[in-house]
Amino acid sequence: MNVPQRNDRLRRTYGFDEISLSPNGQTLDPSLCDVKTNLGKYQLTTPIIASAMDSVVSPSSISQLADEGVLGVLNLQGLWTRYEDVESRLEDIQLAGDESFVGLMQKLYAAPVQTDLVAKRIEKIKKNNKLVAVSSVPQEVEGLEPIIAEAGANFLFVQSTVTSIKHTGVFPSLDLNKLCKTSKLTIIAGNCSSYKIALELMETGIAGLLVGIGPGAACTSRGVLGVGVPMATAIMDCAEARDEFERQTGKRICVIGDGGIVISGDICKAIACGADAVMIGSPLAKAKNAPGRGYHWGMATPSPVLPRGTRIKVGSVGTYQQIINGPAAFDNGCHNLIGALKTSMGTMGAKNIVEMQKAEIIIAPTILTEGKVYQQSQRLGMGSVK
Amino acid sequence: MNVPQRNDRLRRTYGFDEISLSPNGQTLDPSLCDVKTNLGKYQLTTPIIASAMDSVVSPSSISQLADEGVLGVLNLQGLWTRYEDVESRLEDIQLAGDESFVGLMQKLYAAPVQTDLVAKRIEKIKKNNKLVAVSSVPQEVEGLEPIIAEAGANFLFVQSTVTSIKHTGVFPSLDLNKLCKTSKLTIIAGNCSSYKIALELMETGIAGLLVGIGPGAACTSRGVLGVGVPMATAIMDCAEARDEFERQTGKRICVIGDGGIVISGDICKAIACGADAVMIGSPLAKAKNAPGRGYHWGMATPSPVLPRGTRIKVGSVGTYQQIINGPAAFDNGCHNLIGALKTSMGTMGAKNIVEMQKAEIIIAPTILTEGKVYQQSQRLGMGSVK
Amino acid sequence: MNVPQRNDRLRRTYGFDEISLSPNGQTLDPSLCDVKTNLGKYQLTTPIIASAMDSVVSPSSISQLADEGVLGVLNLQGLWTRYEDVESRLEDIQLAGDESFVGLMQKLYAAPVQTDLVAKRIEKIKKNNKLVAVSSVPQEVEGLEPIIAEAGANFLFVQSTVTSIKHTGVFPSLDLNKLCKTSKLTIIAGNCSSYKIALELMETGIAGLLVGIGPGAACTSRGVLGVGVPMATAIMDCAEARDEFERQTGKRICVIGDGGIVISGDICKAIACGADAVMIGSPLAKAKNAPGRGYHWGMATPSPVLPRGTRIKVGSVGTYQQIINGPAAFDNGCHNLIGALKTSMGTMGAKNIVEMQKAEIIIAPTILTEGKVYQQSQRLGMGSVK
Amino acid sequence: MNVPQRNDRLRRTYGFDEISLSPNGQTLDPSLCDVKTNLGKYQLTTPIIASAMDSVVSPSSISQLADEGVLGVLNLQGLWTRYEDVESRLEDIQLAGDESFVGLMQKLYAAPVQTDLVAKRIEKIKKNNKLVAVSSVPQEVEGLEPIIAEAGANFLFVQSTVTSIKHTGVFPSLDLNKLCKTSKLTIIAGNCSSYKIALELMETGIAGLLVGIGPGAACTSRGVLGVGVPMATAIMDCAEARDEFERQTGKRICVIGDGGIVISGDICKAIACGADAVMIGSPLAKAKNAPGRGYHWGMATPSPVLPRGTRIKVGSVGTYQQIINGPAAFDNGCHNLIGALKTSMGTMGAKNIVEMQKAEIIIAPTILTEGKVYQQSQRLGMGSVK
């Protein structure tokens, strides 16, 4: 009798909490570590990009982020292009109860995107910043791209939960190839999580690839859709595609790990897995003057028929400077993200991002290897023990 | 010295929480996804079947479920065939304390099944619905089948915890072969969880196979009997048997994943594992006007000598429409089960159920890959973070 | 450079919570399942033996256990041979605070064993029971054996945490070979957990082998000593040794799974792993009139220099009859242990203990496969969900 | 299409909580087990070394530790070389709130190390003890070594989070080869966690190697930097390097497991993994008169820019004698560490440390194999169940 085998052929994948970096060579002073990275023709001061989420990026916070070397991306389907007055809506979200939150989100995001507000927001950002980055869902890109380019933006993130180049839709879908050829904007697209799709997307001419399906702190795709790929594996696979694409074409695409990054150690791991940059939401939503006012929510939440983000109370842990460049006043990985990355790179002997991508990774599930310590810490009423 | 090896030959099996779907091809608008499925000669609007449990299906709820495309199955060994007045008993169960619950169940289900009530209930359902489905334990089938058929039912679910075609009993056991040949009813049988038994059961002539031993939310078989097979593996194995049977005979049996389905993502996973339909209990017991009145209990609970179900307080999360077809007002997978399935199918590029059965599955244990996020969310007092 | 490999050669072992039984053949009415087992020349009504622990077995409880088919073993280094009046000491233990418990135990068990009490206790038990079983640590066996035999006992359990036949001690150690040859008592020895030691112990002439190191509910060996072998693997390995010994000699030794058995499903699993019988403590300490009065403690606890048992509040869940033979009033595996075993055997198509030892076992870690359900149940405030 | 494989090539590593010792041979009376070990030309009474942390070792506690056979190491970058009056600073730390703790640490440790205090502390210790051990970070060693040697110390621990022999720094880095050749002190260096680095460090001429990156109870490296290697694997790998080095040179280096040791069972496991000694912090910080006054904190905590230790309230569980040599009054592995080690060695049939290093190790994750028991214990409100 034939024994079925599908069960035995399934591939084991890994999340950040299941891996760790293993120092196994020379070391380096953190001050000698270079964290610059490239996104298309631009060089970014740090590999940190702020997520295109209303709780993370507003026109005014973009300057504060830029001061710390972080590129903030404004969501063009967010509140800032639907309302003239956004602050009062952010306050409503802050004050909403858990029961009424999803309904409120569905109502707030039902207002139409106003193209004049799109231009206005971008121009405002341009006035105060050298680089302007915005995001849009694929189905709105064709209409918005001329306005975005005209208003002076540099980067356009074409972002949906899962992106493929062979989408079958009711309406004709976005032609990424054409967009990359004709637009003067630097195009970043995603999200994806596999080698094959990563390679297909890179062939369209994009400058950056967003990697990450389902792992975000404010994302419930895995519960609602059953869909999601643990981040360590997703980044490793897409980084292999980038390397293969570079071998074939000589062109290096920026792989951006997007989602599931909670503390500084996760940034270090993402880059060791092969990311050239990371896109983070919740760590920045914890800033004292973040737009989310102590809350963080997913951009799929407002879906009128199938909301699948959630709202998280993240509180406030310090200024953008403390969070991004320190000095740290907390010991739990929420402060001095760049300092932690440099120290980790020094520990792993990596002079720059590309060298860090070759760090030795081991499988070491936190919950298994630290179980007793964790339990003990809980018993003793400790804060955080890693 | 010979080293023993049984330990090393054990097969690793997987539950829903250990797998995830990995998008790796084209995508599709959810509105283009077709969720219809076949059960014998009938086509079902959706692949969702409501469990034959007293907390989930009553004669009147069957119409409400049918309005949403869900086939409700009435348990013929439940309260509705033992009592003329069932509502007062459901109220007793609702009001029972945790200590007295099992005793009450044992008493309530000790009343004999009345064959006139069997006919009466079926006729009532038939009056309001096109399709009537009922279930019975194997040992009562021979006596009840003529009454069931006469009363106008379409489907007979022959269901016990573990079914085999070679049962040795004190009394002669049900001849499934004969039943399938002689009955005009569409016969569905189970439960089973292995390739071999699935194949043997399919050869009897059944139209549908119930797959799932021990995983249900209200089932304690694994604790009491040590018996149970994680759902992802069980469905994958039985789906392979279905495919093999179809290769041999040209006949396609409907594999129904039954048990352990808690949120919409589980339905998506069950179908990706190979199920043609799912039978769900607790997600529907959460409907505002579900028979269980905010509670859900297993049908093995009333056993006079070895109760092994339990009662769960599931509360009420919305109407049947919200739960099954949305729009969703919650973001945790309890609303819009069909919308979530279609969105998941679109994400995986599956036009229909058969294509969804080929989706790429990965091993990604929730508790390991999301450990820190989960802990963090708990610390921050969040609701649900997936 | 040579890469070290010890890490990669380590063997993965399994506990009860990591395995499950997978029905994969015919089924059987539970009433047709025979649970009798053999221990030396004696046949036991059920495969359940009550642990030689003061919280589980007293001279008077032995009769009550025997009425239910369970063989109770009196610990000859327990309170009953140290004190004339034991009940007041049991009350002291019951009333001790968590802080003072270990000190009290050390004091209570510092009193010397009185050989006249040994004889007296055995004679008392003999008066009311057909079979008398007692236990002793190896170093006391030589002195006590004549008294035990003279007083009319049938079984002598020679039991220590870890037993080998090549012990190097300050004083000459027990010669098991000689004991088995010269004593008219049926000798059971242990504990052990490996194929090699099991085989060596069987060659001494023992009738039964106790298998289990470190897994007991009241045992802290794993934390204190770092020593312990998960039960499923330990039983599987020793059962292979038993089969090998039977092939070589034609003699079948009774393998007794001892420790880590908490609910009825664990008994089913232990036997499926290859055990001929199980020795259980905590499930019986929960009886209304168990000697422990709602508490359970390990027999290594009183060690004057290195206590490594603990005291557990187990409460009271019912009578010996409810716990052992039902009918069950709870659905969580604490009632009707034998009924559950028979139902499990019927489910697995096993007519007797030897057939049950061939049941299909799968790896299915409870915490991984049932994670979400468990979390959900916690959120909903449920009691126990399996 | 090439399938990426980095994910599949990752190495699985293990922490103490994932392994267990499996008795599989002869046994031995604990009183016959010899726990002495060698560190360079010195023989240590026990394999326990107290961590160079201000919460664990002070000049006066060194004598108390020595009375119990434990070598205490004074941290020369700790409070004792920065302040004349240390006790008032320890009190400040004790009284600090969770919010202000990191800031206080940063301030306290900003004071400069005074070389006259270095000499004074060592001389004071020398007066009362035969052996004096101190530690320093690599960058301060060159300046301090003459003072340390002159003051009469025996051991110098050159210790940083991650040590390599090929460090690239802003300033010239320590030449370990030269230090080992020219200093009359016995040099111990670390920390490291891999076979390759261990071998390179041994070739410099050190007498002892500190093994352990990231696992300590008061260390948050894994969360902040993403860096850390589970202890069981780290020790196994470095012990293989030691054996290889001994084969090549005939010289045996002392491998010291440093970090992640919480209870006595962990010491037994560390040695079974191949350690010749262990360095422990939190178990000794629990002593009634430990310098930390009921608290324990990491020495990386005071970092002005990236603190990555934490403060843990460990409370007080007994005297140094109870903790190290017993007798134990608790059953959870916090008392009688040496008694537990000897008993474990007896159980494993190991006459000395070198034999214990060959004990059979199995993979048996605590959280998986004991899940149900643990949950049950929690439900029942038990203290600790192992």
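Per-chain numbering from 1; labels A, B, C and D assigned in written order.
Simple rule for what comes next: a residue touches a chain if its C-beta (ideal position, glycine included) is under 8 Å from a C-beta of that chain, and two chains touch if they have at least 3 such contacts.
Since the model is a prediction, treat every value here as computed from it, not as a measurement.
**Student:** How would the chain C/chain D interface be labelled, same or different, where same requires over half of its residue numbers to be shared?
**Tutor:** Answer different: the two copies use largely distinct residue numbers here.
**Student:** Tell me the rotation angle, 0 to 180 degrees, that brings the C-alpha atoms of chain A onto chain D, to the nearest 5.
**Tutor:** That pair's rotation angle lands at 90 degrees.
**Student:** Among the chains, which has its CA centre at the largest distance from chain A's?
**Tutor:** Max centre-to-centre separation from chain A belongs to C.
**Student:** Rounded to the nearest whole Å, what is the centre-to-centre distance of chain A and chain D, using the mean of the C-alpha atoms as each centre?
**Tutor:** 38
**Student:** Using mean CA coordinates as chain centres, what's the gap between chain B and chain C in Å?
**Tutor:** 38
**Student:** Round to the nearest whole Å and give the separation of the Cα centres of chain B and chain D.
**Tutor:** About 54 Å separates the centre of chain B from that of chain D.
**Student:** Could you say which residues in chain D touch two or more other chains, in rising order?
**Tutor:** Residue numbers touching two or more other chains: 11-14, 16, 196, 233, 263, 366-368.
**Student:** What are all the chain pairs that meet the touch criterion?
**Tutor:** Pairs flagged as touching, ordered by label: A-B, A-D, B-C, C-D.
**Student:** Please give the residue numbers of chain C that touch chain D in the complex, ascending.
**Tutor:** Listed in rising order, the residues of chain C that touch chain D are 1-8, 10-18, 98, 102-103, 106, 161-164, 166-170, 192-194, 196-197, 213-215, 217-230, 233, 260, 262-263, 301, 303-310, 312-315, 365-368.
**Student:** Given the complex with chain C, which residues does chain D contribute to the contact?
**Tutor:** Checking each residue of chain D against chain C gives 11-14, 16, 19-29, 31-32, 195-196, 199, 232-233, 236-237, 239-241, 244, 263-269, 272, 274, 326-333, 336, 339-340, 343-344, 347-349, 361-364, 366-373, 376-377, 380-386.
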